[in-house]
Amino acid sequence: MKTLSRENLNLWLDGLAAQHALIAPHLEAPGVFYRPVQRAQEIAWEAGRPVLPAKEFLFPPSERLLKVEKRGPDVRLEASPSAAPQVIFGLRPCDARGIRVLDTAFVDTPPIDSRYASRRENTLLVGLACRSMGASCFCTAVGLAPDDPRDMDVMFSDRGATLAVQALTPRGEALIANLPLVEELGEVEPASRREVGGLPTAEAWKESYSDARWAKHGERCLSCRLCAYVCPTCRCYDVRDEALPSPPGEAHFERLRAWDSCMREGYRLTAGGHNPRAASGSRLRNRLLCKFVYYPHQYGPAACTGCGRCLDACPVNLDLLEIGGALQEAAQ
Amino acid sequence: MSTADGADPMYPLLGRLVSSRDMGREIKLLGVKLLNGTQPRFPAYAPGQFAFLSAFGIGEAPFGLASTTERGEVLEFAVQRLGSVTTGLHELAEGDALGVRGPLGNTFPMEAFQHKNLLVLGGGIGGAPLRPVIHSVLDHRQDYGQLTILWAARHPSLLIFRDEYESWRAAPHTELHLTVDEADAAWDHHVGLMTDLVRQVAPSAANTVAITCGPPIMIYHVDKLLSELGFAPEQRYVTLEARMHCGLGKCGRCNMGELLVCRDGPVFSMAQVGNFLESYL
Amino acid sequence: MSISEAMQSAARDVLASGQVQRVIGYETGPHGRVRPAIIDRPEEAERLVWSADCTHNLTVYLHRALNGENGRASREAVAPPARVAIVVKPCDSRAINVLLAEHQFSREQVFAIGMACEGMRQGAPASAPEATLQARCLRCRERVPVVHDVLLGEPPSALPEALPDEALAHVRDLPPAERAAFWLSQFDRCIRCYACRQACPMCNCPTCLFEQEDALWVGMRIAPSEKRTFHLGRALHLAGRCVGCNECERVCPMGIPIGLLNRHLAETVESLYGHRAGMQPVLSPVTGMLSAEESAP
Amino acid sequence: MYEPKVIGFLCTWCSYTGADSAGTSRLKTPWNLRAVRVPCSGRVAPELILRAFDQGADGVLVLGCHIGECHYDSGNHRAAKRIPLLLSILEFAGMQPERLRLDWVSASEGDRYARIVSEFVDALRPLGPNTWRINGAAPRADAAIGMPLPAASGLSGGAPCP
């Protein structure tokens, strides 16, 4: 195993922050967030799972798709600029998997989303293994582990005075090529795992489509978008044109895209005003079935990384594991 | 977004409105020609596909292509004024610039329809994406069997492509049946819902494919009726609508179960979407 | 009989006798978290609980339930219940008064199971038993719901001294530039998930002004300026209507102290018009005419 | 001296004509005010004023008919109710209160119009540009402020790692 002293790690991170945008867990008043940091000192080391996943650095809450400039009958379109390099440090395995899941929709499935792809090409994922699982974590139920390195470019595991380092991709190799790594005997101690039951099979989710309980769950749902916006894999978006300040005689606009969620009441409205998912139960069902049935069908992987954010943050305790557990029981 | 050749499919091509013609109450047929220059041409497209039109500064919305590649390079769209984008498109004058993104979505399997009888059921503005089917059949009349068109609207003023009815009727082995929910004084055709008209025409399911487009409630009931008339799910096609934002299978807006209307559709056979139709309603 | 049992029995009775078709109360979910429970059958009443974790304001469900926007997942229309029983704390019951004044439903459609309230604990709906009361409860002197058809529990004979709103005073006393920086850093965290709005019983417009598709009032960007406009605008729409249940702040995943905005305006309205929202079923004075003395030249 | 950009919402039945009569009486009024003619001061929803500030206004002046003289009977009552509350929340959010003012000007009060606009602009000048408008991201000031904030609810169950 190769290790790096904490001192050298901090020096390296300071250096990275000077070259690229360095994003890492950072303590802001009410909690820990992935934020751009200037120095290693600003990193929250002993933090639990950050409040939000790192999705916003690849798929920002809102961004410009293009700028439109109208001058009389003429129209000029201007594409938005491309992304700058960034390193996300201290990424949790669940959040790295979230990014891999987004990749399948935005990059791996043609046509490529150039904005996402440009950010993704310019982003390195440097993980920090969790030593244990939090109360609401269920990464083990979706085939991950608290110290799962698979979706990272580089993985660090904290061993106290030193950290074990492992590069998993050529880009990761290049990133740590000049680090003063020390070869040490022994293996990295695996994180403590907790097996979490309750997650139905894709087949059982699919079978649940006409289950009467969706309506009961829907009665409690407030139709906010919290679960989708704290989710590492929810990627629905809305597109609209908005006016920009313009010089005299011209009209400037920007075409924006911004996060949207299928939990919103008017989300699935058709142009004629018909709403196929007017009922909150059908929206909840759609979101959960998207995670485990629809998204895998469209893009490959299941769109749940077991981070447990939706379990904790739901104002009315709509619990994926509880809903799923009951469905699995019904299926058996 | 970029395709294999590096073009950005979220980036619209610039076009000009070459014609804007009133077809019915608040319904216009827009003719769009792409600007010459360095831009790539609008690729060849097939019946069933759709494209996004941008009213710059207001937004973008998907519309079924109502023209065929064979009949010329002008792209035609039937646009009913409903919301902000359609209002913006209606207010454009001939010569104004607009954006076009497409063609997107799948197509009607016109080859598989050859030598079959076709039953085309269009309700209101839902008739727009069916016009390319009708035109393709009329332009290759010998390749298809009997063509029966059932055309409906809430009111005669909402019937689209009225100036083409003569030519449709004049084609060999072609029938056109009209109905409106509510007639005006000049109306001398059937009055009633599309389902009434289907019952009256009583089409035979033998060697026939039915293609339906219209409001969800019409699709649902017409489909039920066709099933009763002996049309198997594989013989019943629909083209569906959703207020999508990308048309590329990304934005997630248009899913119907595991299918995306934009990428897997908009044309579906009932064998694919029969189970979901209830939820679409 | 414990207070939870008394509540279960009240719920069972009104359902069994057909007085109501639905009861909205509290139950305990996984990991001991208390959450809303919506039950339609008397035998489900045993699920209901009452504790210092019942912090949710359930009146948010009243408008939806009585207007037929239920959670149905299929095409069949389900008739809305004619009358609904709801478990209310004193603060929640004030929301019923506001909604009654705004004609969202009629008094006859609601059977209020009032709870004599001693305050909710910090960390609710999953607090530690030794946790102290929420700050909003320490400031509150109401122990009996202003709207109730049955009252459960014993209101205490003597009330503790209500605590002053230190957080509000603190923000008010900041120099303007620091106050602006403070709020900007708070609003900056917002992700526009609209949990605050959806959890609010007063936010029942069919389409929120801040989500109109024309973007004339506020743009769709999830950016500081738009977020600030949303929060300040929403606070204004709640002036004279907010009952201080603090659900907006509780549900916020980003820890934004939204309640401060509402409390500031509630105090302003009280000092200008002597109005406290929901104490009676009367409209907010903010939407009406000036009184005779105010409009004197 | 900084010249502020002021948006004036003027009721068409009174203050808009009042501005005219200030002009015909050749009264000097600051050029800083850009008038928006509205049917009534009651039309001026607080969101319009928020929008004006978001778009870069240094000050917003709302002028309506005197109480009792509203063309629609009670429109100005609504303005009198809402705008003080808007001012209160804007001040609470850190804006200088001098930047928003509601007042009454009748059609014949050209002198009063000129006086109010001058007063308003004079009060704005020393304040300098309004920092309310945000271009791009907000300065991420850590809320290092001695106040207990609500915990972010997404935090409660996180893993106690690394």
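Note that the chains take the letters A, B, C and D in the order they are written out, and that residue 1 is the start of every chain.
What we mean here is this: a contact is a pair of C-beta atoms (placed from the backbone, for glycine too) under 8 Å apart; a residue touches a chain by one contact, two chains touch by 3 or more.
What you see is a predicted model, and the numbers here were worked out from it, not measured in a lab.
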Innermost chain, taking as reference the mean of every protein Cα atom displayed: A
Higher-contact pair (C-beta pairs counted), B-C versus A-C: A-C
Centre distance in Å when chain B and chain D are each reduced to the mean of their C-alpha atoms: 50
Between chain C and chain A, distance of the C-alpha-averaged centres to the nearest whole Å: 31
Centre-to-centre distance between chain B and chain A (centres being mean Cα positions), rounded to whole Å: 37
Residues within chain A bordering two or more other chains: 28-31, 51-52, 135-136, 230, 238, 240, 282, 313, 315
Chain B residues counted as touching two or more neighbouring chains: 83, 279, 281
Residue numbers of chain C (touch at least two other chains): 74, 213, 223, 250-251, 253-256
Contact pairs between chains, per stated definition: A-B, A-C, A-D, B-C, C-D
Sites on chain A touched by chain C in the complex: 28-31, 33, 51-52, 61-62, 135-136, 210, 212, 214-226, 228-230, 238, 240, 242, 256, 258-259, 261, 266, 279-282, 284-285, 313, 315-317, 319, 321-322
Chain D-touching residues of chain A, taken from the complex the two chains share: 28-32, 35, 45-52, 90, 92, 128-137, 146, 157-158, 191, 230, 245, 308-309, 311-313, 315
Chain B to chain A touching residues, read off their complex: 1-4, 8-12, 14, 54, 56-61, 82-83, 86, 95-97, 99, 215-217, 241-243, 245-246, 248-253, 255-258, 260, 263, 275, 279-281
In the complex, chain D residues that touch chain A: 55-56, 140, 142-145, 149-162
Residues of chain A that touch chain B when the two form their complex: 65-66, 68, 70, 73-75, 77, 79, 105-106, 109-115, 117, 209, 235-241, 243, 251, 253, 255, 257, 260, 262, 267-274, 276-277, 282, 286, 289-290, 293-294, 297-298
